[in-house]
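Listed after this line are the structures, all set down as structure tokens.
Next come two complexes, and both contain subunit A; in the first it sits with subunit B, in the second with subunit C.
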Partner chain A sequence: MSDFIVLFLAVLLALLVKPLVEKRAEAFAAAVTGITFVQRNGVMLSAYLILAVLGWAVFMIILPQLYMVDFSFRHNLPFDQVGGPNDTHTFDNYRYLLFGREGDEEMFNWLHLKVFFKTILASACVTLFDLAICYPIAYYMAQVARGGKARLLVLCLIIPFWVNEILRAFAFRILFGTSGVINSVLMGLGFTDQGVDFLRADVGLYAGLTYAYILLMIFPLYNAIESLDHNQVEAARDLGSPWWRIHFRVVMPHAKPGIASGCTMVFMLSAGALAAPQILGGPSSLWFTQVIYQWFFTGLNWPQGSAYAFVLLATCIVFVMTIMRVFNVRFGEIAK
Partner chain B sequence: MSADVELDHVTIRFGDFTAVDDANLRIEDGEFFSFLGPSGCGKTTILRAVSGFMDPTEGEVRIGGRNMRGIGPNRRPTALIFQNLALFPLMTVADNIAFGLEVRGVSKFERRKRADELLALIALSDQADKLVTALSGGQRQRVAIARALAVEPDVLLLDEPLSALDLKLRQHMRTELRTIQQRVGITFIYITHDQGEALTMSDRIAVMSQGIIQQVGNGSEIYNNPATAFVASFVGENNPFHGHVSKADDQHAVMDTKFGPLRGRNSQGLRAGDRAILFVRPESLSLTNGAAGDGNVIESPVVNEEFEGHFVKIYLAGEGPKPIGLSVTNDGADSIPNVGDTIRVAFDPERANMLPMGELADE
Partner chain C sequence: MTSSNVMRFMVGFYILLFFGYLFGPLIMMGAAAFNESPFPQVVPWEGFTMKWFGQLAQDDQMIEGITNSLIIGLGVVCLSVPISLAAAVMMGQIYERLRPYYYVIVVSPVLTPGVILGISTLVFWDRLGVLAEAEYESIFYNGMFLSVVGQSTFISAYCMLVFMARLQRFDRTQEEAALDLGATHVQVFWKILIPFLRPAIFSAAILAFLTSFENYNTTVFTIQAESTLTTVLAGKVRMGTQPDLSALAVIIVMITLIGAVTHEIMRRREMAREEAAREEAMRADEKIDKTLGAKPIAATN
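The block that comes next holds the complex of A and B.
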């Protein structure tokens, strides 16, 4: 393991030192002071900023992830064999997700693959629910409500999120449980006499996830829609457009970057959610993150767990990129 | 369908604030009609009531004789050109123009055909597939007009569409707009705070101030026979003289001022004793040899002069801090007085208007 880090740091160092070695030191100094960023902030501050950002990126993001990547290609060895002759790289962990253990009856590892695809699909559904729910709210806040009303609405949306995730999830359990609030009301009104098992039907899970990421959808949408000149909405209306066409032809194209960044965040986060599926998922349904969690903590098989986690990450990235391609959103736009 | 627009006792309030106060007028089918007034006088508000974005608090807007209350902007025979144009920046020029047709379910082929016709009308045929953001200000202006004309409205409403353009383009677009209106033959309702635009383009003009329609008439009526002190001071330059009416008949009235008695036309039925303002335009004043007591002769020292080339603008000390302006044709002779000279100027009472006391437009 450690040789890997040493190699990485060596490459980094070599890249930094290269100009010094190649040219004279003063030419290097001239080059540094010639950079506008350095001129604007001074040498000390620039050095600090660059080191801080680099340090953050390298130590908090790149190194741990690389460590995990490396991990996912190794055997799950007992502690005393780590670094020993058996500690080699392998594709076994990835192969396991696809094909299961050798000698299994099934060709593919359907147990895990099903969970995997269900997670992707369900996250896409959660994203669509969020979009459907948040778009009207964001439009109202950005184009219709005036001053005080919009601010009140924002407060009403934010304050419930002070309640922590676990509490919120259990509250949803109470809401959707067989003898929960909704069922009591339904039974009281005589729609059903034994209560609907919303949790088994995953209604609780979908509702919980959808609600959990509402803000992440609303704010990018709000930002995007807010920058639309309201006269364009009125112009479309004046030209005879019904309201739905105004949204499809004028508002949504304008808000596309916001829609894309909201959807990306919600999708990524719901695919990677753990607490909500753990608490709200029906007894028969698993979220892929739960499988990963089991590898790490129940199976104590970290290499297998990280392989699963990277497959999830890679698939999510590919999925998001594909969707963005389809809807013709450029990557830079979602950062707006 | 005939498309005359009637405002019948139209009042529009925002809370306690009255933005439009009892407007009554009738705009004929095919007319180029302008609303002229300073910023904030309620012009846009009237236009929004005609286009359907709001209904008047009281009164009726009728188009072609039909009461429009409750009918939304998408179902009125009007098309509005916004103050900032509000073109769709993500669509091409042709798609912008065809948007109204797309909404009406016209086929793609037909849409393109109609867009091409309109592009020819506005002389932009070669720009059809550009994004509107790639066009110049004047071109965008014309695209906005074409987009509105595409839905074949009976009434085209224009809210200061030229205000964002530079002077030269603005003057060019004036002629262009007028030509387009004559070619398509529909009613144009035009809003502006620029009197030059209103006077050069319109068949008739309504002059507004603080939500009240002061006068409706064609350009020369508004300019030569203003009905109120506001109109007289807002349209063109005018020299006001304040005082009480000393003598009046149906035709003329006389007012005592510090320059002696001054006489002007009495179109508003002033009577002796009324407080009034006499308006005399700079071009109606001329140098004279008459005596100060002759009536309609003003004797006053020259305080300032501006040489404009073919004429000279001369300012005399007035009744208050504001000087009296007059223009003297530059005939090459040395008849032009110097600053400091006391001179006498006279005017024809037929070209001076005595009007009831009222607010003046501030310069």
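The block that comes next holds the complex of A and C.
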């Protein structure tokens, strides 16, 4: 534990010293702003602002993440050995994700790696699917519908979003179950007499995930498309551009920040989803978050679970950075 | 113009299909709550019944979960609204060069998967507990407390975005006028900024409560021995299939519907009031200009 605290203090010190080394004049200016900050807000108000923000940023955001990362490099020790001589750092947890236990027949830990890649790939598919079905609606709401009609559409979109995530998944179970509505309709029409196991084929899961994040795709798209001057679309049409070229050359380039923002949100949330895979996933298929959950609650190996969680977090960070680079947008535009 | 009619028909059909996808599952689930059949299903329809609602009221586990969810929700409101208000005010006052870093840090919980926030909160407080050599019954291992803290981590970020959106429309001249008239900055904060932010405080509180109430991903890790509505629900849905779940869904959908619609109406009314105030101000300006015989302000600028 102590070496971690030393490390943290070193980082903190480095952050404090950095501005001094970088530009002394600016550090001086910062100090001056610090004084005026207290003068400006008064002692009580300053104390509230600083305590609230520091308490949140340090004790709820930064330190817990650092502790999780630190924890993921430790051995899974019984309670009485924590802090003892055996409590050292190790790469074992990460090695396990890649190669499995020593002496296994397979070279790699395919069981978990497959789940990991499946989760990433499936999340990307859900994201693309959401983009495809939400774009026309967002365009319609932003550029075609007028006044009251547009407002009604927005309200209709928001309502399902307020329904609990687990109940939404449950609704899809009723729809896609072996004796569910869709199977009954299929059997009634004579397409099948057995009933298709949609849940085992993960159809229910993908439909449920796509459904769950529709709103997070539509709103960024809507905001971006709404700011487009409709005259540009008219101009392109007058110049003889077919409708699909108008979208590819005029609307989509304009809506780029919205597309980036929507894709990021949907990808992150589906990769990190837990309830929908637990409820809608087939009995033999797992989502990566379910593996993490198992390490915590059935495997009782928290450091291993933390390592898996950190891998998921790192993947998400890489994804956001890639999207920012590809779409050439800033962080602030994504997090709106 | 048949081609444009075909196009319009296609668009209408697509919108119908889309909203069918949006509402169909919920309607089916609602219908299952009133079906006599012992499994949550709509077909075959075995007759109308209300008995699943009665069964629900006797479920102690569910009642305990709902109580805990309400307590946690209130805790989250009390913690995240003051934090996010401070964070949003800080955004305007922080040293220019630090602002991008500050922004990335405080907005990052929005983009972090919920399970990771839950895990990091759990691990952090567990380690603190070890460090402080705390008892097992102490606050470091209390599922309710950890859930409030874990949920507030990202709910504060949501609320901060609400406050920032409102602050963007804040008219700085009001502040300057008050300062010119001799008010201190503290007075400006309490007498001008807070009243201006009051609708945002209200929306942030509602947003925080509802988000907390329906959160699962973070809570499932932090809650430990306790239970909330969502963890009880998830357990029941995974285990199996009883129509009383659909009955609960109907009740929750109704409550959230009423809540969402009320929130929407309040927001609309607030916007309409602001619009009216702005128009009033414009009209007053014009009147003054007319009486003074001057050009309209817009033209002089």
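Heads up, the rule we're going with is that the second predicted complex is superposed on the first by the 273 of 336 C-alpha atoms of A that agree within 3 Å, B and C clash if a C-alpha of one lies under 4 Å from a C-alpha of the other, contacts with A are read in each partner's own complex, and residues count from 1 in each chain.
Here is the rule we use: a contact is a pair of C-beta atoms (placed from the backbone, for glycine too) under 8 Å apart; a residue touches a chain by one contact, two chains touch by 3 or more.
None of these values were measured; they are calculated from a predicted model.
Once the two complexes are overlaid on the shared chain, A:321 sits clear of subunit B and of subunit C alike. Once chain A of one complex is fitted onto chain A of the other, the partner contacts of A:152 are absent, as it touches neither subunit B nor subunit C.
Applying the stated contact rule after C-alpha superposition, one finds that A:47 touches neither subunit B nor subunit C. When the two structures are aligned on the shared chain, A:214 is found in touch with subunit C, with no touch to subunit B.
Contact with subunit C, but none with subunit B, is seen for A:61 once the two complexes are overlaid on the shared chain. Shared-chain residue A:242: touches subunit B; no touch with subunit C.
By the touch criterion stated above, A:313 is placed in contact with subunit C alone, subunit B being left untouched. Touched residues of subunit A, counted separately for subunit B and subunit C, are more numerous for C. By the touch criterion defined above, A:300 reaches neither subunit B nor subunit C.
In the superposition on chain A, A:173 contacts subunit C only, with no contact to subunit B. In the superposition on chain A, no residue of subunit A contacts both subunit B and subunit C.
Interface residues of subunit A facing subunit C in the complex, by the touch rule stated above, are 1, 26, 29-30, 33, 37, 40-42, 44-45, 48-49, 52-53, 55-57, 60-65, 67-68, 71, 82-83, 133, 136-137, 140, 144, 155-160, 162-175, 177, 179-181, 184-185, 211, 214, 264-265, 268-269, 271-275, 278-279, 289, 292-293, 296, 302, 305-306, 309, 312-313, 316, 320, 331-332, 334-336. Of all residues in subunit A, only 229, 231-232, 234-242, 245, 249-250, 253-254 touch subunit B in the complex they form. Partner subunit A is touched in their complex by these residues of subunit B: 51-53, 72-75, 78-80, 82-84, 86-88, 90, 99-100, 102-104, 147-148, 151. Of all residues in subunit C, only 11, 14-15, 18-19, 21-26, 28-29, 32, 39-44, 82-83, 85-87, 89-90, 93, 95, 97-98, 102-117, 119-121, 123-124, 126-127, 130-131, 149, 152-153, 156, 161, 184-186, 189, 210, 214, 216-217, 220-221, 230, 233-234, 237-238, 241, 245-246, 248-249, 252-253, 256-257, 259-261, 264 touch subunit A in the complex they form.
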